[in-house]
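Take a look at these structures.
Heads up, the next two complexes both have chain A, just with different partners, chain B and then chain C.
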Partner chain A sequence: MEQTIVDVNDLSRMFASKRALDGVSFRATAGQVYGLVGANGAGKTTLLKHLLGLLRAATGSVRVFGLDPVRDPVGVLSRVGYLSEERELPEWMRIDELMAYTQAFHPTWDTSYARELLNTFALDPSKKIKELSKGMRAQAGLLVAVAHRPELLILDEPSSGLDAVVRRDILDAIVRTVADDGRTVIFSSHLLDEVERMSDHVTLMHNGRITLSGALDEVRRGYQRSRVRFVEHFDQPPSLDTALAMEGGGRTWSVVHSGSLEQFNHSVLALGGEVVESRDATLEEIFLARAGRSRQQVEAA
Partner chain B sequence: MDITINVTDGVPIYRQIVNQVKYLVASGLLRPGEELPAIRTLALQLKVTPNTIVKAYHELEISGVVHKRQGSGTFVSEGRLKLALRERRRVIEQRIDALLAEAHHLNFTAEDILRMVRERKAAMDAAEPADERARALEK
Partner chain C sequence: MTLRSPTSAMLWGLWRVTRVEAALRLAVGVVLPLAALTLFAVFAPSETAEWDEDIKNIATLLLFLPHLVPWSSHARLNHFTRPIRTATMVGLPTAYLIAMSVAIYLVSAFLLKVTSGHPFSLLPAAAWIAALHLAFGPIGWWTRNMVVVMLGMLVVLFTWGSVAGSRLHSFPNDVDYPLTDYALIALFGLVCFSVAVFAAARARRGDAHSMSAWTPGSGLWEWAINLFRFPCPTSSATRAQIWLDLKANGFPVLMIGVVLAIVILLLSAIGNPIDAAFQDEIRARLSCSNSDCFWARAWPVFFTGLSLLIALSLARNAFGIRSRYGRTYVSAFETTQACGTTQLAALKVLVKSCCVLAAIIAIGVSVWISVPLLGDPVFIQMFNVPLSSRLPAISGAIAALTVYEQLSLVVLAIGGVVIWVAACAVIGALRVRHSRRVYIAASSPLLFGLALVLVGTAQGEGIVSPSVFFAMLAAARWIFLAALAAMVLTTVYVFWIGFAERVLTIRYASAAVAISAAFGAAWLTVLHMAGVQLAWMSAIAAVSILSPALLPPFFSVLAPWSLHRIRHL
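On to the complex of A and B.
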């Protein structure tokens, strides 16, 4: 049986006159990794803050472990690990003090795991948070986010601005959370290769809405990238059914499209062209096509 | 286990793992009876979600390349796939059809493809003695 860990239903949120979340529904089940992608301001952080009870659901509902995180913060947060891009840690604390402080909130704190991470990260426990480099600060934040072996690990842009070594530490923590304990991870990232590697499910947000969501393989299967050659010369991208984004010029175009390959072939043939090559689109290509950021964009039919 | 993941060519990661394990077995770099890395180990090595490794191993098991042993790991199976001839033909013919379609688009004839298949097989066979030399050196 799939155990539901997170259940968000029709959640909307206004900030001043801006709609930060617009009818968002999202579900996460145990033992899976969920990748959240979208441009800055798409609503990823706002969604994650609702899961942590930092924001109250104005419209719609939020349940984590079946509990309302605003009404029962202790019941939810004691079972959650959280690391954000800002890595809000108490500046004046030493690392060992931060560990003791976090441990006090979490009966499930694993002392030997915490010590192992401290060694792996080569952190000096007597150092104050304010003395740490950006990478060390992220490692300290990661340590206190995972050492109590949370049932749900939430990472908001954890890799942002970090070097390869610390990014690897973060990915290792995700793998271990899922592999060792069958627990659940939700992370947001703008590094699409990271999302493609680490996610079982992917959710794409745009302007406060979820525009695409599903198992990574299912999402990927729905999109292809084809190279197309025409007899005729096109100055503007030719109009093709199911095309989401086109790049190129003249007789050769590269197209990201949805739907069946047959349908696409048909519309290319109708314009006197030929599909030279097709393959499944990468997450990055799908993301760019759906976010409408491709340089030469075509309106979807 | 020597596996490389590439997220720029659009091939799903579990399929890349399946294909590369099949290649390692076909070329003799993985031997019958040899144990594959644990799911956690390979996930940490490749930096991919553990469920992707689960999916890849499951698919390799279904196609008879590996088998699970109760209470222990995943092992390379003895001998060839235990599928009926018709089923084996069907699997290969699907691949051939896809290959021929691709070849046509890229302006290769069926003859070109036959020649290239022989060349690749020769290259694969050449990899095996090199591996055996490495094994002899280890001992």
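On to the complex of A and C.
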């Protein structure tokens, strides 16, 4: 049976009058990589902060390793590695001091792995944090987040500030190593290609809600992008069953749709059109289609 | 809101970032002198003629106090990338800050003039303050090195103090500048402004760094952090946390305390030769009540008071709360380390307390050495006490105490510092969560005190009936008792909820109870030493005098709870 690492149930959170999380339920099991995707203000960071106990659940519950991170911060945080979005590290500290300080809190600290990462990132241990560039700061933060080999690695926008090489080669390798060791990674990102590349599971958030969640392959299989040609000229997008987003004009439209292709074909035929070609939608297309639909729903409400 | 020009946008931005500091400066400028005047009115000795003059001089100094340091909050606005001229970038904030300082001074001086009837200087003092802030401008734009900035400030204060002193008819209110002085001030302002624009232009094109807002972790503070280099222990989380707090929060405070102590000692050492060298000039300018006239020897006395204020002000923010773009928060780096909240709060408060205590001890030792160097006449003229020759008597009195009594004094001193550090930390933490409520709670007693003073003054003038004043005094007593009851209830509630939420541990609670008991016993001993007989007092008076013993349990439960509230928002 899969071991549950994170179990979030019906979690809601308000910031003043803004609903940051609205009935979010999320489960993560051991050995998997979970990617959180969403627009700015979707609630990704808020959800991650609840997992760390930095925010307390207003309604609903959060359990990490079966513990409440607010009531038992030591029990949870000693098994978690965290890289914050702001890369908040003490400016005056040197990298070797940062490593020593973090090591003291984690008996599982792997000195040789830390040294290896230090070399991989080409970081000078005698440099102060304030002397580092944004990317180097991210690397230093990543180093201390993973060097104690945490059971759960939480990365908030890990690629922010990292160059393409570090992002593709090193970050991917670190995340895969953690997952292959049977440990869990949860990360948030704006970069859909990165989520597509690194995750086993994807969770799409919009306006504080989870609008889509599942194994990456299943999610991708559930959506297609089809090119449709009609006999009639349409000034406005025609109404098609299961269509999430449409672009184009006149007689030819590109449609991102969910459900079976057969059902969609029927819908197109009913309007006197035909499906010219169809393929699996990319994550970006799914994201844009879902986010756009949610936005329309909100506006309509 | 529509802002039609860059100027109005800049002024709006300046108002937004400086309004809290402006309110603070106004509050300090009004409340401190009023408190001094009120205390004097309540506890005035019978021979008040000389005391009356002294207390009004102190009130004037307190009135000036908020204007002796440059503004800091405006530095959060960086206009380097705005499409405006450098002269505008420098000139508008400078003009705004000068106008604010002058307005704050005039309002507070006018209010004091109305309440006390004392003729506080208005226009000449306002001109002096304006010139002082003009002089601060170039320093801030020229460098961000805090040592240079502080030295520059001292030079400006010293020079400007001398200028005011040269036009002084009677200290400190009767200052009168001839028109030529105003012309000189204007010329000086022009020079300062030109230098500031030049320095800002250098900083704008990246040739130099200008002063940014002072925050822990930059400038002098960071220099002090790096002064003490010792490796972070990796053997335990507690040791690593102590290392971090010592480096980031403790040693800089200690270092500043030691520097202040050395400055007091140096000022005392050079005071005698300076006064001796300029004895005739000093005698010509100041009216001396005794044969030995002094001027330079007064500086260590003032500087000692200032040093203690600095040491106590450095005790704030033990939890390391940060402020950025108007948002206050606790660093995610520390709060995501695997350390219990109670342990974290206790370590932070204790480490900071130790260093503040060490800084105060350094200042105290320096004062103890300096007093004989200054001689008795200084203290006789300033405080009517021959302090220098009384030092052996003070030492003898302390030595004559029993060990238990000496221990009680030590416990009270240490406990006082820890309570002060914990109180500052708790208020800072609660401000993050409930800023409006904290401001209301803090300003309510101040406003009530102000109302009490105003009604008391009006009653003295016969405008208000004495019954109103006495009703307010009675209300103050009941408010105090209600506050004590609220403290007790809060302590019990937080104690209970702390255990319910697993914030407090049995070990911590036991330590807090033991420390509170020790503080309470020490307080009773000191009351006994002072000859206070609780049995002869009314119940209200006895409760009031025992109330300080409530502070250790109150803050020992509130400190971890408040950190818990900001760690898990």
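Here, the second predicted complex is superposed on the first by the 280 of 301 C-alpha atoms of A that agree within 3 Å, B and C clash if a C-alpha of one lies under 4 Å from a C-alpha of the other, contacts with A are read in each partner's own complex, and residues count from 1 in each chain.
Operating definition for what follows: contacts are C-beta pairs under 8 Å (C-beta built on N, C-alpha and C of every residue); 3 or more make two chains touch, one makes a residue touch a chain.
In this text, all values refer to a predicted model and were calculated from it rather than measured experimentally.
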item	value
Partner chain(s) touched by A:131 [first = chain B, second = chain C, both, neither]	neither
Chain B versus chain C as contact partner of A:32, first or second or both or neither	first
First (chain B), second (chain C), both or neither touched by A:277	first
Which superposed partner A:71 touches (first chain B, second chain C, both, neither)	second
Which of chain B and chain C A:232 touches, first, second, both or neither	neither
Partner chain in contact with A:180 - chain B first, chain C second, else both or neither	first
Residues of chain A at both interfaces, chain B in one complex, chain C in the other	none
Parts of chain B lying in touch with chain A, wherever the complex brings them together	5, 7-14, 39-40, 43-44, 46-52, 102, 105-106
Complex contacts: residues of chain C adjacent to chain A	217-218, 222, 225-226, 231-237, 239-241, 243-244, 247-248, 331-333, 335-341, 501-502, 567-569
Parts of chain A lying in touch with chain B, wherever the complex brings them together	31-33, 168, 171-172, 174-176, 178-180, 193, 196-200, 216-217, 220, 225, 274-277, 279-283, 285
Chain A residues touching chain C - in the complex, by the definition given at the top	52-56, 70-74, 77-78, 80, 82, 84, 86, 88-92, 97, 100-106, 109
